[in-house]
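When the chains are written out, they are named A, B, C and D in that same order, and each has its own residue count from 1.
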Amino acid sequence: MVPDTMSQTVVLGVIGSDAHVVGITILEQALSAAGFDVVNLGVQTSQEEYAEAAVEYDAQAVLVSSLYGHAEQDCQGFHEVLEDAGVEAVTYIGGNLAVGQDDWAETRRTFEELGFDRVFDSETDPEDAIAALRADLDITSTESERATISS
Amino acid sequence: MVPDTMSQTVVLGVIGSDAHVVGITILEQALSAAGFDVVNLGVQTSQEEYAEAAVEYDAQAVLVSSLYGHAEQDCQGFHEVLEDAGVEAVTYIGGNLAVGQDDWAETRRTFEELGFDRVFDSETDPEDAIAALRADLDITSTESERATISS
Amino acid sequence: MIRDERIPSDELRRIDEEIRSNWETGADVDFEEAIEYHESLPEHKRFADVLESADKPLLQPRAGVPRLDDQIELLEYLHREGKADLLPTTIDSYTRDNEYEKAQQGLEKARETGDDTLNGFPAVNHGVEGCRKLIDAIDAPIEVRHGTPDARLLAAITFAGGFQSFEGGPISYNIPYTKRHGLEETIERWQFVDRLAGAYTERGIRINREPFGPLTGTLVPPSIAIAVMLVEGKLAATQGVRSITLGYGQVGNVVQDVAALNALKKLGNEYLPDEVVVTTVFHEWMGGFPPDEARANGVISLGGMTAAIARPDKVITKSPQEFQGVPTKEANASGLRTTRQVIDMAIEQKIDIDGIEEEQDLIERETRCLMDTIFEHGDGDVVQGTLKAFESGALDVPFAPSDSAKGAVLPARDDDGRVRIFEWADLEMDDEIKEIHKARLSQRADTEGREQSFRMVADDVDAISDGKLIGRPQGGA
Amino acid sequence: MIRDERIPSDELRRIDEEIRSNWETGADVDFEEAIEYHESLPEHKRFADVLESADKPLLQPRAGVPRLDDQIELLEYLHREGKADLLPTTIDSYTRDNEYEKAQQGLEKARETGDDTLNGFPAVNHGVEGCRKLIDAIDAPIEVRHGTPDARLLAAITFAGGFQSFEGGPISYNIPYTKRHGLEETIERWQFVDRLAGAYTERGIRINREPFGPLTGTLVPPSIAIAVMLVEGKLAATQGVRSITLGYGQVGNVVQDVAALNALKKLGNEYLPDEVVVTTVFHEWMGGFPPDEARANGVISLGGMTAAIARPDKVITKSPQEFQGVPTKEANASGLRTTRQVIDMAIEQKIDIDGIEEEQDLIERETRCLMDTIFEHGDGDVVQGTLKAFESGALDVPFAPSDSAKGAVLPARDDDGRVRIFEWADLEMDDEIKEIHKARLSQRADTEGREQSFRMVADDVDAISDGKLIGRPQGGA
């Protein structure tokens, strides 16, 4: 195992009443394989559960997934809840974020305004999320590879 | 064989430049099985060829098939050609008789006005044509069955 | 402690009265009067009889809209234009969550505006009378399809309302549908549903019950699905159900799908009591569809071809608009007719494919391992065994959102496109069988020049919607 | 007396000059310059190379409109949206009848009005330059598809215009297409076409030739179709053609279709000279289609499934609008994508169906009977043998409109849906084989409780458009 001090902890889950589990299951596998410590909260996760887990595991990143089209309402006030709990992690959201995703630029802006650091569409590969995490958490690819080799 | 004096001769063919052969092949088989003497002129038959065959074989009926949508123009003057040749046979036409067969009643009237005794659509079973021939040529079904049995 | 035992009559009556008080329409249910209503229905509306006496696979779509008139019109259309043999009534999401008040608001809004404000037919709110108007109007048997963990009131009302078939079960409507409903709770709820169906059955009204075979709909290994079907079938039989339709969702490999349907039928007859008439239902591909109607028709047709070879008793069809969600009625009927054409062209042909028996044998061995572990976990009791096996992970379902299953087992396709198990986690299985799966996946890894990894799983999940069966690496190795 | 011998160079030149004077655009053909043009084409536009090196069945639709710009747009669309691997240019009916003047009028009217006044692309009228603009514009190989008994000028212009594949042959573009063109005449005409293709081939430009396998498209028994393919392949090879694609039209029974494609490939390699590269093309169902796009998609998908199992080198696809005639470009692309989806989902699966070898063996035996009788009729010469065998009826095609074939042989499906021969007329065949057909048809008659009769033929002709494979009696026996 990678020593705790070196590893980066990521909390992930599906927000709201959404029960789409396939995406985060695969993301969990990809993040683990890439050397991250993953806390998978599963589907139908409330804003409070994200905040509690982020505090408990001292997470560097909170990844929110939503595929059933109600992401915007489910994420109202999410960043206030995180802030109140003292969470300073980067936040990403990804999935089918609007019912009719005609204008992706607008959808992205909506979620950036809600406070997310990055917004991904449902076609995003796990690798893209991993690359973004490495950039945002200041991990070089080499470091991570070293970690994988030593594990 | 049925004696010549008892049998009824039917001339059939596909008129104009039409090369659809399946329908008349099946009709030929059905008419033969029902006891008629059949002269099958095949596809791409001209008005003159019908008239010549009707005279040569002393036909009681001339059956015209058309499936490519140009029946009306192919049949212009057909009954004059038959009359000039001295043909007194009943005449039937069947097939896809108009390009857009929306109004079948109108299509039927068109061909009746051209001189055909009966007009059939492309869904007609051979049995219907045979029943019509028996009625028009005054053959009882029993007679025909007797003929079939004696053959 | 909940066990696989028949609910006593007085307990049945007590629960029945209790749950009927959950919503006002519950008061209209009168069992004796309902029996009379069912007896008045003509033969061709008796679901179990129609299904069990069919000489070729019957087709059934999915369909549900909030208003009664619209639902009648929709089902008439699918019957007339889609030539559906059996019809569905799909229930809305609020009713599935027992939120009858919200369903009522949605229904009233639908009546006011004419919009489909609910994603299904709120049968509880329509009540016994509304249901019977539907049954009376449609000239074919109709099944209730939903996804409700606690379907007791829905069952009480729809059974009294004249429906003679009811989809779902304690595992199959829990594990894939909800996160927090405990399995023990849903088993108890569904014992009541089955007992109620059993009560009708004893009076000569054989209510058909249909456990939901596809589970999570995503690369579920056949033996896991079949084991869940056998458990739910056994639980229903214990409560007196005598017409049970076991389900299976297409994985897309023809040999494996035919083998699985054969195994499902065989093991169903073996594990369920003799007095139960076992039938099978095949669900056309339940995973992601191509975002293109032309390609979707290809996926649907492969399902039709599989059905023509395996000859299940029923096929649940998909529509070419599957990608975008709820289809128009035209697209729904189109999926039915495409399936019908393929089945009718292929079903009279003798198509015996090599390797089906071998694959069926493997599926049966795997299923027996899982059934054995369930019986062992419960010391012979299926209910306790199921609870404990899910708890230990000895029984598991891939991609299960429920907290009641570990969801740790992961599937991947082998080099022939058959679904194998890549990550076993704690799933109970003979080592010999594990070796077979490992060897088949290793063969694929060799073909693709990459290691066995979760990447295969991820690629396979998207493969059919991307136009292939197997998620091969794109571009370079 | 015309024989299967190569046209001498001077004779080739004489005919070439003569036929090029039939229409003004003939003057623009310059063989040496044409060789240079072909040499300048990139690898991915070389038809024979692309087809012969493919590792899965390539898809090709049918498509032709009168104006050059429209044809470019149509082919670009089918390439981009339909993902067609190979493209077609279907020629109009006037050109097929060598009525270049009428084609010219139609083309001019099309240019004036924007309407499609012709049912295809009049390549002779577009001339060498017009053809090359098309070849230059489209990023894939393109084949000329037509139905022309005398295609000499069409070949001269399209070969010089950069097309590297040309459908048709002296039997397959005569017997099913026209009444009065003599077979001797069409053989002579096509010897020139093949010799011209051979002349290009000698210079390194391998023009692919594709005899039209489906013939009359209506329940053609596989052995008859294959015998005609072998004859046309041999005639082309004699004239120097080295890339030959033998065709076969789907009959709808999977086992028989796979067996026929296997036999076609095997016998093609056996009967044709070693220096010829033999490939195969499978035509999706050429008979009557259901008047319903949903059902038509089922028919198309069964073709895709068959192709996935038999793996021909090429598949000619149908569109869901087949019933109504020429499809929109969207429907045409849709037929391509449905076919692609089915093939791509099924092709990696190991699907070995029992009985294919046995059926293939029967087809091969039948074909050898027919080939033997052809050789005997001609005292070893294929041309004379073909002429005399058609004249005697020893070789025949069902539902042939041509006076050159008796058209007296009649097919019917057996109880499994395979096409057998019900009326042999004078077709040459071993008695043992006739007994096999008779027994299979008798089995069907027993199943249906009726006598073997032409009614079966009539019912079978309509069956697929009515939604079934076999034309069973409707209602009572």
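Keep this in mind: a contact is a pair of C-beta atoms (placed from the backbone, for glycine too) under 8 Å apart; a residue touches a chain by one contact, two chains touch by 3 or more.
Bear in mind the structure is a predicted one, so any value in this text is a computation, not a measurement.
Engineer: Where each step is a move between two chains that touch, what is the least number of such steps from subunit A to subunit D?
Structural biologist: The fewest steps needed to get from subunit A to subunit D is 2.
Engineer: Can you give the whole-Å distance between the Cα centres of subunit A and subunit B?
Structural biologist: Those two chain centres are 77 Å apart.
Engineer: Quick one: subunit B and subunit C, Cα centre-to-centre, how many Å?
Structural biologist: 57
Engineer: In whole angstrom, what separates the CA-based centres of subunit A and subunit C?
Structural biologist: Roughly 32 Å separates the two chain centres.
Engineer: For subunit C versus subunit D, what separation do you get between their C-alpha means, in angstrom?
Structural biologist: A distance of 46 Å separates the two centres.
Engineer: Each pair of chains that touch: what are they?
Structural biologist: Applying the touch rule to all chain pairs gives A-C, B-D, C-D.
Engineer: Per the contact definition, I'd like the list of subunit B residues that touch subunit D in the complex.
Structural biologist: Contact set of subunit B toward subunit D: 14, 19-22, 25-26, 29-30, 33, 42-44, 126.
Engineer: For the complex, which residues does subunit D have touching subunit B?
Structural biologist: 177-180, 216, 218, 398-401, 403, 407, 410, 453-455, 457-458, 461
Engineer: Hey, which residues of subunit D end up touching subunit C in the complex?
Structural biologist: Of all residues in subunit D, those touching subunit C are 252-255, 290, 292-299, 301-302, 304-305, 333-342, 344-346, 348-355, 415-417, 464, 467-470.
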